[in-house]
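Written below as structure tokens is the structure these notes are about.
Naming follows writing order (A, B and C), and every chain is counted from residue 1.
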């Protein structure tokens, strides 16, 4: 079953490279997404058995991230149907510099999309650190051609930065792997295993090496995740790639990189070094939020703004796990909320870009008037991502805030709120200006670029986000609690159910 | 005073012009010629000493003092360098620094004498010469420091920082597992040797174009006995520095002074042959590349010193 | 055995220093190839148990990949991009070599401060400093050089440094993971080569310092 999860997109991707017919390939893409989602749903009903002596195993944390990835991939693939249809053609004219460019062959794009899904699935199911590393490096390599879909110099620059920075980061994470292996050689034994379950119970012989290895994991996988100051590739890659790729990168890939850090955190916590790893996570989380706040304020490009918002939310995730306890629960819920919201925002941004032909915030006006559906979704998405009730992210960010205050970390809560406020003001400035007002004369929008394929996925995602803000299904609540137990195992008593936490707020 | 201590300076003073002759002969053989006789420099010296000198009106006493002081400092250096397990006549703690600075003094005074003429070519060559010697100094000192550390072993108690002490310690012990350090230091010291003596690939001693001269420019204006002193001094410098390299790289101690002396002299002659071979097969490096070469030599010495610094813990002896 | 291991490690250290000081792309590629070949032999020498067939196969694969395949890929990329020489780097060559010396000193200090906990493994004390120095040299190459190709060479040197540590310390790594790592690095270099080709076609040069159109 687990193998099927990985192999279905893998095989489909390899087929897509060779398939000539465009329509057939797009159907293959959507079909694989549906099959993958079906398999993931089956995992919800009953967790599949571990394979390969525990190397591949789906625990609650992995299942959570896998589900996010699967749903987002389905949404992106539906969007992709229409997108590839519209992008078909030999040459295109660049919006900003009016240069001619061509697109990557569709076969490469579709094939790499499916391989991307396969590698992300591998990351979520693997319990062996080495295999996890292989999966994350594979995601980098599979997603690089995706960023370079529009073959022009800006996206090439973004691709090169992405490739080099992420490869270096992941190489540092490999160093973390080796240090972990050294640290895990208990007294007397020479062999060490990198399987998570064994690492959790082994007695760490050399704690300083464990700390060093966590640091390398944090910096290495943090580069891929987008924590400041290693986030420098993120705005470029997310703004230059096609919108559905940005949605996948922001919504699914950053989570998978976070998974690597979380596994290392699990090992640290089991060895009793939780305060060390949590302190580092808090530091990087706050730093990311701060950097994102600074760069969102005077942003001129709305896709870059969304990219910096991703940096911010990755920071929030790190803060949540760094606080522990209920904060970990908030972080797990926030991962879901943020992924869906950000993906929706990126897809809608794609609509805006296609209609208005410019990425500049100053030039876009009156989105509500020109493309009403996308305009409403754009406004709703902005409200959601900045943590406005009744959307989902409000609940998760509030849970993290409450955890900070409960744990006597008032200063963390203060800084957290400050940055959230700054980001709200910065984004409001841009988004409200874009959505309202009359259409200016500088650009001629073309509303025909919108279609059912471009509205349906973001609409679906926004409905999910709205629902999550009002009601958490008990099955999901149980999964979130199990995830919290994994991330913060020192909590003795059962935490109150998430649904009950909603009551006092109203 | 041990009678054997007279051997190193005596050999230096008497046999050093032979080294230059060997270099010339090697180059000639490579070029397919017969070349001058090995004792050519002796004949040159005799000829030059018999000549008269012409001094320019613009020069001062510095110009006349240059060759004399330069030779004097090199003779002093010859009295400090041990050879073939014979101790040097004068040795004291830290005499390797004294040695380095004697070489520097001789170079300094020759540069001053060249600048004294007020000519542009001398100025150009002087600035390059001083740059190269400044860059080669750290390489030499770091390399000698590494060798000193190695010779003294892991004991910090009594560091023997004299060339004689180092030489005798190395000759007595086996290289053992620390051959890596010695190889690195030998290569670095060899590069410094080439730089100090203005050999290819740093400088071309045969060039007659003033624009490409670096060290030759120092002797451009001297004639007669002064030139003789300069030629002898450069031969002495070759011997003295080469003796340091041979002391460090190929020491041998058979117990018989004569055998040791023969071995070391043969090694020094081999060094001269190697220099001749390098001169024949390589061209001079671009001026831009020479500092990089010297910095590379510094790095080699530095790496050797770092490898050495942990004491014998790092490189295990082979026994 | 010890002596051979130390020889290889010091050799790798020297190639690092030379890489920092050279400006010719062909020399850089060749030096990284030589480094890779030396490292391919390393696992056979540090094996704490007897040499199994798996180890030999692994060493052969590493030798071929790092010593032959990667240099070929990079030379091909260089040829297609039509570059021979490095553009003037951000940190000059002499300064780079001196920084290399500082890196060696730093690595030696760290190596002395963090002794390897595995006392029974036949690892030389020069191992950790050499690995660290190689990693830092690779990072320095990536940061201070402006040609995209030299950045890829720096990435390979970085991976070599990590590999030194892995070969000596994590000897229980299963075959699959080792192969996976190698495969990943191979595909990474392959993709980077293609990217360099595209860069050279798009921009007419491979000076990444001039890729500055995306900024805030």
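The rule is simple: a contact is a pair of C-beta atoms (placed from the backbone, for glycine too) under 8 Å apart; a residue touches a chain by one contact, two chains touch by 3 or more.
Keep in mind it's a predicted model, so treat the numbers as computed, not measured.
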{"item": "Touch-based graph of the chains, sorted into line, ring, star, complete or other", "value": "line"}
{"item": "Centrality ranking, top chain (CA atoms only)", "value": "C"}
{"item": "Leading chain pair when contacts are tallied as C-beta pairs", "value": "A-C"}
{"item": "Inter-chain centre distance, chain B versus chain C - centres from mean C-alpha coordinates, in Å", "value": "37"}
{"item": "Rounded Å distance between chain A and chain C, as computed from the means of their C-alpha atoms", "value": "31"}
{"item": "Whole-Å separation of chain centres (CA-atom averages), chain A against chain B", "value": "66"}
{"item": "Interface residues, chain C side, partner chain A - complex", "value": "48, 114, 116-118, 120-121, 135, 139, 142, 148, 151, 155, 158-159, 162, 165-166, 169-170, 172-174, 176-177, 180-181, 183-184, 187-188, 191-192, 195, 198-199, 202-203, 208, 211, 213-214, 216"}
{"item": "Contact footprint of chain C on chain A as seen in their complex", "value": "128, 130-131, 133-134, 137-138, 140-141, 144-145, 148, 151-154, 156-161, 163-164, 167-168, 171, 174-175, 177-178, 181-182, 185, 190-194, 205-206, 208-209, 235-236, 239-240, 295, 299, 304"}
{"item": "Chain C to chain B touching residues, read off their complex", "value": "2-3, 6-7, 10, 13-14, 17-18, 21, 93-94, 97-98, 100-101, 104-105, 108, 112, 124-126, 129"}
{"item": "In the complex with chain C, residue positions of chain B that touch it", "value": "177, 180, 184, 291-292, 295-296, 298-300, 302-303, 306-307, 309-310, 313-316, 318"}
